[in-house]
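One chain, chain A, links the two complexes that follow: it is found with chain B in the first and with chain C in the second.
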Partner chain A sequence: MIFRRPTFWLILLLAAVFIYLPVRAGDAALREDLILVAIAIILVSNLNLMIGYTGYVNFGHIVFYGLGGYVGLYLVTARGWRLQWAALAAGVVVSLFALLFGMGILRLRGAYFALATVGILVAVSAFVSNFNPFGRSDGLYLSFDAYQPLGGAMRALWVTYYLIVGVMALSLILSLAIKRSKFGLALFAIREDEDAAVVLGINATMYKAIVYSVSAFLPAVAGALMFYKNAMIDPSIAFEYMLSIEGIVMLMLGGQGTVIGAALGATLYERLRSYLLTSPKLSNFHLVIAGAMLLLVVLFASGGLIGWLYKFVPRSREVIE
Partner chain B sequence: MTQLLEVNGVSKRFGGLLAVSNVSFAIREREILGLIGPNGAGKTTLFNIVNGVYKPDTGKIAFAGDDITGAAPNKVVKLGLARTHQIVKPLNNMSVLENVTVGACFGRESLGLHAACEVADEVLKRVGLAERAKSPARSLTLAGKKRLEVARALAAKPKLLLLDEVLAGLTPTEVAQMIDLIFTIKESGVSVFMIEHVMQAIMKLSDRIVVLNFGQKLAEGSPIEVAGDPQVIEAYLGDEQIAEKLMEKN
Partner chain C sequence: MIDGLMVGAVYGLAAMGLSLIWGVMDVINLTHGSMIALGMFAMYLLFSATALNPYLLLIPIIVIGLLLGIVVYWIAVHWVVGRSQLMSLLSTFSVNMMVIGIGTAVWSTSPYNVPFSLPGISFGAYTFTGNHIAAAVSALIIAMALELFLYNTRPGKAIRAVADNRDAAELMGISSTAVLAIAFGIGIALAFGSGALVSTLFPFTILSGSVYQLKSFVVTVLAGLGKPLGALAAGVLLGLLEGAVTPFIAVSWIPLIEFGLFVVALILFPRGIFGRATA
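Showing the complex of A and B:
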């Protein structure tokens, strides 16, 4: 059972810390910092299902987040839906979208698949920029009234924060549950050798399409929550290309294929990025750091920080998954 | 005895090369059928057609009463037809136990994770890899990897096992151990279809042998019949006395 796994309790502890710290201090600035970390963890741990578990590099993972934001905000503004239903609907719609595309592009392998994911990112971003219901390149804006059901803007910010932390915990628990399931075993087999996996009885095309779709769900929900909190969305912030690349850096840094590695890499990188972005001299320098970091990890520690830990403390594998 | 696998007039063309040409044969239940022939004769291609990696251009394949012509490998396993690879394909960064568990999970019985683990444990004991269960598959020797191939296929609980050169590259002791293992597999009621270049082994193991040359079936019969066939001697064995020599050693 998953409850017996130390990693499960580690995830709950992490979520508790995320809730406790800003609430105790009543500190909105800290909350805003942590919300970025939580979003990074959500994106990276779901990206890990594709890259780390299945061995398929998705350069367009941010599409799920951005589209989720659009669907959510559209349902709230144009259709008057409540936030929770809009966010859930965003997850479902984007997952179905991913399933549809996944069945098409997951016949491709390796570099060709990676290229196709770049294509999807560019195409979706271009489509949304020209799509009237989504406000074309102006995007969508939320009026203050939309926060009323949650008890006003101030409370709404806190509520969305709790929800995002919840989605973060769910993302990590999902990663752990998949890792310890038959489904996960199939994904790992596909990662190791897809031809061998098929000969062993695994319907690789189906499993890949399913995991692609699953990896879209929680990022889309998070996108809906986050852009609701920000009260606006436009194509350039919804589909920030760089964030897609940085997600890969975070995953490699922490340790691809591990649950905790995804969280660790996302946290460290996001904190470093915030520091560099706010420091006046080093603004935008973070991309240089990101590039260097990716090179170093790929060249010298392909297992990332967690892989490095496993190497020196083999028994840690049992505790930190 | 009833026919387990029936292959009827199967052909496969790659561009200008007719790799397998109008080949027909059958495998009975509880039988070991050997497949021999010179390099490039189309043996592995024939395996790939039987287990669905390639779709034949012409011909039909029936397995245990079902038409499996062109069925995907992952479906064929579920019906009870498992195979090993000539060039071993271990899931390198997974443990030996996990490798075999994959076989049990997605094989004929589609077991749950827990049950599959138990089956994998048993199979590993049977093939003599139990002590390496926790090691990563990449750390095995070639002989170990060949055993792992057999173990994964066995974990799928097949009715028919396709073995593609499981003896190649092994030391004489390892060959002897593998031959014993193949006999126990047969005794457990599983039919075997095997490609092999180690002549003494294939003569000893096979109930019948099919010989391929340039994609065509050259001969079929008992080991003695095949080894005495002038066409087979000319195309493959190269020595008129080989039949007697091989039989003496048995």
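Showing the complex of A and C:
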């Protein structure tokens, strides 16, 4: 059972800390910092399902987040839906979209798939920039009244924060559950040797399409929540290629294929990034530093931070997954 | 439409570099876009410094590209050749990030252009701009030179041998590491050359490379791997297609079309339109 895994309780503890810290201090600035970390963790842990578990690089993971934001905001503004339903619907719609696309492009192997994901990002972003209901390149804006059902803007910000932390915890639990399931085992088999996995009776194309679609769901929900909180969305912020890429850096840094590694990498990198972006001298160089970090990890420590931990404290494998 | 044909020759040149690296060492070079952008800036800097004819400046730019490519090979690529594709994707990507990061810091993301134009040629109602013609001709010359190099010189033959079967080439006394480094250098040199040519046609920023990178991928996949002339032909095809559709639809739809083409080509022709039928 998943409740017997120490990592499960670690995840709940993390979520509790995320809730407790800003509430105790009543500190909105801290909340805004943590919300970015939570979003990073959501994106990275779902990306991990593709890269870490299945061995397929997805350069366009941000598409799910941006598209979820669009669907959510569209339902709230144009159709007058309540936030929770809009966010859920965003998740479902984007997952179905991913399933559809996944069936097509997951017939591609390895690097070809990775290239196709870049294409998906470019194509979706081009489509949305020309799509009238989504406001073309101007994007969508939320009027102030949209926050009324949640009791005004002030409360709405806190409510969306709790929801996002909830989605974060769910993402990590999902990662853990998949890792401990037969489904996860099939994914690992595909990662290690796809041909062998197919010979042993794993329907690789279907499994890949399913995990691609699953990895779309929670980021889409998070996107809907986050862009609702920001009250606006446009193609350049929704489909920010760099964010997609930085997700990969975070994952490699923390340790691909591990649940806690994804969370750790996301937290560290996100904090480092906000430090670099706000420091006047280094703000131009955050990409350079991220790139150098990625290169070092790839060349010298492909297991990331958690990989190091496993090497030096082998018993930690039992506790931290 | 004819303009599209000529721009297509430049796309083809960019794709040749990608295709060469991909075919020879099975590394998908994600630094390609940023190297194309660097080629553009190399042209911009040299042209503003010397005011020589840009087509003359192509030669030093290609040499710079070659050297830079060899340096990048030793920094990032050498260690991941033969490891999983995931690793080579990520390591070339990290170089890409660094180049873009430094480029953004130095030149910001504002547009630049190379203020140079050749007189155009008129055929009845049509006028062809001189720059387009010159770019297409230069691209063709470079492509021919590469073809001659690969098929008629010893280092060229060594590159093809390593692409074919690295172990066997090694047994024949070819130093595969040196060959890979040179092949990578040539690939980057081609990216530089095509970037330099593009810079004489359109305004550019440090981020422009990614557009051409996507086009290069489409072209490479259309052409099949490791076939320089096929890449050139497929590039011309893509340029023609772009030229043919732009009067009817908005330019912002083009990425969508190219991507669609990319996926369809991958699924229908996994070995490329010009590829062989057997493995």
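Keep this in mind: the second predicted complex is superposed on the first by the 321 of 321 C-alpha atoms of A that agree within 3 Å, B and C clash if a C-alpha of one lies under 4 Å from a C-alpha of the other, contacts with A are read in each partner's own complex, and residues count from 1 in each chain.
Definition applied: a contact is a pair of C-beta atoms (placed from the backbone, for glycine too) under 8 Å apart; a residue touches a chain by one contact, two chains touch by 3 or more.
Model, not experiment: these values are computed from the prediction.
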Room on chain A for both chain B and chain C (clash or fit): fit
Touched partner set for A:L200, first chain B, second chain C, both or neither: first
First (chain B), second (chain C), both or neither touched by A:A123: second
Touched partner set for A:L185, first chain B, second chain C, both or neither: first
First (chain B), second (chain C), both or neither touched by A:V313: neither
Which of chain B and chain C A:S302 touches, first, second, both or neither: second
Dominant contact partner of chain A by residue count, chain C or chain B: C
Smallest distance from any CA atom of chain C to any CA atom of chain B, in Å, after fitting: 6
Of all residues in chain C, those that touch chain A in their complex: 28, 75-76, 79-80, 84-87, 89-91, 93-98, 100-102, 104-105, 210, 214, 217, 221, 250, 252-256, 258-260, 262-263, 266-267
Complex contacts: residues of chain A adjacent to chain B: 180-182, 185-186, 188-189, 192-193, 195-204
Complex contacts: residues of chain B adjacent to chain A: 51, 53, 72-74, 77-78, 83, 85, 89-94, 98, 101-103, 105-107, 110, 112-113, 116, 152, 156
Chain A residues touching chain C - in the complex, by the definition given at the top: 51, 55, 57, 104-105, 107-108, 110-112, 114-116, 118-120, 122-123, 125-127, 129-130, 137, 241, 245, 248-249, 252, 284-295, 298-299, 302
